[in-house]
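Labels run A, B, C and D following the written order; every chain starts at residue 1.
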Amino acid sequence: MDELFAPTVPDEAMALALDRVRRGAETGDVSELDGLALDQVILNMGPQHPATHGVLRLVVTLDGEVVRDVIPVVGYLHRCKEKLAEKRTYYQYIPIVDRTEYMAGMNCEWTYVLAVEELAGIEVPRRAEFIRVIMAELNRIASHHVAVGTFTADLSPLGTAMAFYTFRDREKILDLLEEAAGARMMFNYFRFGGVRFDLPPGWEQRCRELMAEVPKWTDEYRALVEDNAVFLSRTIDKGVISQQDVVDYAITGPNARASGVPHDLRRTRPYSVYPELDFELCLADHGDVFDRYKVRVDEMLQSARIVQQCLDMMPRGPVQEGSLRAPYVITPPPGSAYIAQENPRGEYGIYIVSDGSRYPYRLKYRDPCFINLQLLPKLMRGNKIADAVAIGGSIDLVLGGIDR
Amino acid sequence: MLGILKALRTTVRHLPQKSFTVQYPEERVELPERSRGLFSVVVDVPTGEARCRACTLCETNCPVQVIRVDHRSRYGLPAVDEGAISARRSQRHGDVDVGPIAGLVAGHRVSGESLSSILRRVQRLYGYLPPQALDELSRQAAIPLSEVYGVASTSGDLRLSPPGATLVAVCRCPACQVGGAARVEEALEEALGVCSGGTTDDGLYTLGSVAGTVACTRPPVVVVGDDVHFDLSPPRVRRLAARLGARRGAE
Amino acid sequence: MDLFLDILRGLAAVILAYSFVFISALVNIVFERRTLAFMQDRLGPNRTGPQGILQSVADSFKMLGKEDFAPAAVDKRLFTLAPIMVMIGAVAVQLVIPYTKGWTSQDLNVGIIYIVAVTSFTVLAILIGGWASHNKYSLVGALRSAAQMVSYEVPMILALLVVAMAAGSLSLNDVVSFQSGYQWFVFYMPLTFFIFWIASIAELNRGPFDLPESESELVAGYGTEYSGMRFGMFFLNEYAGLTIMSMVTVTLFFGGWEGPGQDLLVVYGVSVIPFVWFMLKTYALVFALVWVRLSVPRLQVDQLMAFAWKFLIPLALVNILASAAIILWAPQWKWVMAGFSWVLFLAVVVLFDPLQRRMLRRRRAKSPMLTRG
Amino acid sequence: MSLQVGDIEIGLAEFAARLEERFAGELTDVALQPPVTVVARLAREKLAEVARRLHDLDETPLDCLNLISSVDNVGSLECVYHLYSFPANLYLELHVEVPRGTPVVDTVSDVWPAADWHEREAWDMMGIRFRGHPDLRRILLKDDWIGHPLRKDYVDDVRNHPYV
């Protein structure tokens, strides 16, 4: 019977948390309620936990309700994608890239294809550029739907309305993407020098109608949540990311813009046809959980505007640079390139080193969630468990990108 | 509280709206034409022939066992050119009467004996395992063709090509193996000019293997047709190989 | 002879009480799931039975069938005692509820105080369940729910007292008869109704107050270690509570069984039409409970406490003092009470958001310097 | 004053010239990679000190560490520090050669806190130790994994897969 209660051998993260508690006890930094002999509880939130999006494990040291320390443990979804790159030709690697950050398949593929085009000096026809922007922005809206929906579901009892409205609207976008690219999430649609198919007939009209609906959707989300007294009291002034944190921890994407940092790669390091499109940067000034939610909803509107402009400005013409269609083998000259691009979660960059052969010599991802996750312990310290869950939800993590 | 009232008003406005759910088995979502959600036979546009050769490998490897390969295509696609395939086969194997196979398979379903033992019975019928027989067997017993072929090609004593007049079988039992069966086999391969399991081009000899013989007390052992040669030291093997080579030359 | 009739009547009352709890629990499960579904543009369970009516029956059979084991480190006796106790609250309250014109199981003259006394059993049961499960999650969940239920009973009692003062008696039948002629208390005292209803939501651990078993943080709160029929008892109690609490609210504020066409159908001295009205009003309130649960996120523990002690209880105190003064001294006290209550109620509803936003903005201004350097 | 991006108008060539003139001895073969990147090499010993000075450059400080990539050029290992300057909105790629025998280099996590996990990943995948790193553990692989997978001469050890 006693082996039932044999203390499980704590792995490194648990051991680190235990000795931090022990060191805390020696230096007198014991629990707030010094009167009571309350020792701290180490709680394992994850890797299966309703609040951690995907297989993230947080070793949380609790002092009653207050979170005293958090040690994130990642790697449960590690698929060694960077090692795979050494074994796959450039062309075979495209479907693997859009499985890193599976919420934004189009953006990931675009970054990889952009990097290889930079290395190999491939030109992209103008119509393909516009199709790429449309696909990326549609994927951004769908990804923000998931982010906002699951974040609100974390705050409220099971079966909250917001989660279902966002996912219902996302379905419509995914149907559009399936018509054009053939798949709902794992697209494999981009090619070097363009995209694989042209848009099916009648697609543009359906897309224009759907983009006209986006403002109606966002008004409904705002009405449901933004004046809600309970929602405000749970999100305002919680988990504030200061601009100093943004610079020190290289935070990018909606999390940075919510703190007032106008860093958006579509504007600061323009690529493709973005300079010709006019859209505003959605900024907020307090950088708390509420602002991060608000920035994401505003960005949905901006993305819809971009898609409408692209549909108007898109010329006729080929969709993929002719010479690259048949032979699927590309051997870019030796050299290295770091190309980054604005993914719904931040700056998603790929650093490729090529040695002239058919296989990339080394491929390194700059994943926005991996870097935003570093700040989580600093944000969660000192808050209650409920706040910690809200902050985790507002940072919007996708474990596929973190673990690669 | 006005904010909460506004939220309440938003949710109640959804009460009368039509629901979004598609009741799957009764109603089905029709996938767009370009969707990669379903398996489909890829048709090679220039020749108009389906690129699938019905090799049933997908059927065997599918983890959720949802694929059934049926040569007679139901989708009205340009069917696999069966005539060309069977013509090529019979030209190499001669037309094979596949009647008795049904009886064998029926027995199998009753007695439940394993696939390899059925294949041995089929081999006893035709002397080897012709592709048409494997085809018929897989269709009758509803076992994917690639699985039948897998079993047929791996086990040592099942032959996929017609045997030569006499069978030269090198014994592979542990005793002979230790006794130097490998050396014997090399010598015979040189002499007959054919690798193990193959048949000499003039169809006289087939170099096969056997799992054990009566004479295995005096390894290594080779069975040529009916007579058994044992205790084959290197010189005796060379003499046997030369004699086989010569006889082949003579005829 | 009448002794035998009394015994029979008592027996019928007990059977009615228990069957009512189980049937209303089953009905509520399906009712809530379907209403939630329709409000979220989906269908909800519609496969078992016509339009999914038998879904909760299927659930309860599954719940009965599931293996109901107790983990090794559990305090055996308390672990089994908790689910049994949890149903006491829901069943015992029906002793005093006037279902229809001729039928109240036992018209106690201390009805209102009896209700409050009995509903506090569930707090005890949840505490015992949480403590006995010997699990971090359930311990935190149980302590949270104990704090929440105790601190929301205070405004609930204060609201009930106002009703008792207005009706002049503690017995529920008198309260119902006082409200006859469509002079329901909800029209005269909307503020009291507002306080009572919010406190009752918290009492039921539902809607924005379902902290004890909040999924995102505590996995399943006090119910984490329970499975099978033991968990079923907690589950049934939560859903039965919906109807029971709505019945109490209807009796106190919406004129109980009063409705047009009262004496049309009388069976053995018990008129049936008012029962139908009573049920309609109850299920209107149950719909409101489900509606609130869908649209309002969950409160935090400290906000829960702050809302109770810093807002609801002072409001209830002001309300009870003012009502007492009005009932004693005001000549036409009903109209004065209505005026006062409506003004205060609208003030609270309108001013709550701006005040809260100002408080949040002030807290934001105090937060650390955001900009560089 | 809230943070601005790219408010100091400075061209790429001019930015490279400023760097070359400020770090004459240390930064070698500075090259331009239009449109936004300057590439330079740096000796391993000078890393910690140069990093601090780069971070505190007067007008265009390279205040943000975007990424640390580790590359295995068979002869030696190489750490690539991708730095970004918010005021100048330009990138600097620092290549630091690390010998294969003793793959040790100073940590920069005290200068840029973002470097913490990048260095842990470089240690986990490429086996480069960072002297002075607060808690250099494996980040993606199992704690007791043997070997560093992204090295070109990596052979997968059977003890890494006990359950297969």
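Please note the rule applied: a contact is a pair of C-beta atoms (placed from the backbone, for glycine too) under 8 Å apart; a residue touches a chain by one contact, two chains touch by 3 or more.
Note that the structure is predicted; figures quoted are calculated from it, not measured.
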One chain's C-alpha mean falls closest to the whole-protein C-alpha mean, and that chain is A
Top of the farthest list for subunit B, CA-centroid basis, is C
Chain-centre distance (mean CA atoms) for subunit C and subunit D, in whole Å, is 61
Whole-Å distance, C-alpha centre of subunit A to that of subunit B, is 48
Averaging C-alpha coordinates per chain, one finds the centres of subunit B and subunit C separated by a number of Å equal to 70
Subunit A to subunit D, mean C-alpha position gap in Å, rounds to 23
Subunit D residues touching 2+ other chains are 2-3
By the touch definition above, subunit B meets two or more other chains at residues 1-4, 7, 10-11, 14, 20
Two or more other chains are touched by the subunit A residues 161, 165, 168, 224-225, 227-230, 232, 243, 247, 260, 285
The residues of subunit C that touch subunit B in their complex are 37-43, 291-292, 294-296, 348-350, 352-353
So, in the complex, the side of subunit D touching subunit A is made of residues 2-6, 33, 35-37, 63-67, 69-72, 80, 82, 84, 86, 89, 91, 93, 112-114, 116-117, 125, 135, 137-143, 149-150
Seen from subunit C, its contact residues with subunit A in the complex are 36, 39-42, 72-73, 136, 140, 207-208, 210, 214-219, 293-303, 352-353, 356-357, 360, 363-364, 367-373
Residue positions on subunit B within touch of subunit A in the complex are 1-4, 6-7, 9-11, 14, 20, 31-37
In the complex, subunit A touches subunit D at residues 11-12, 16, 74-75, 78, 80, 82-83, 243, 246-250, 260-263, 268-269, 285, 336-338, 340, 347, 349, 351, 353, 361-362, 364, 366, 370-371, 373-374, 403-404
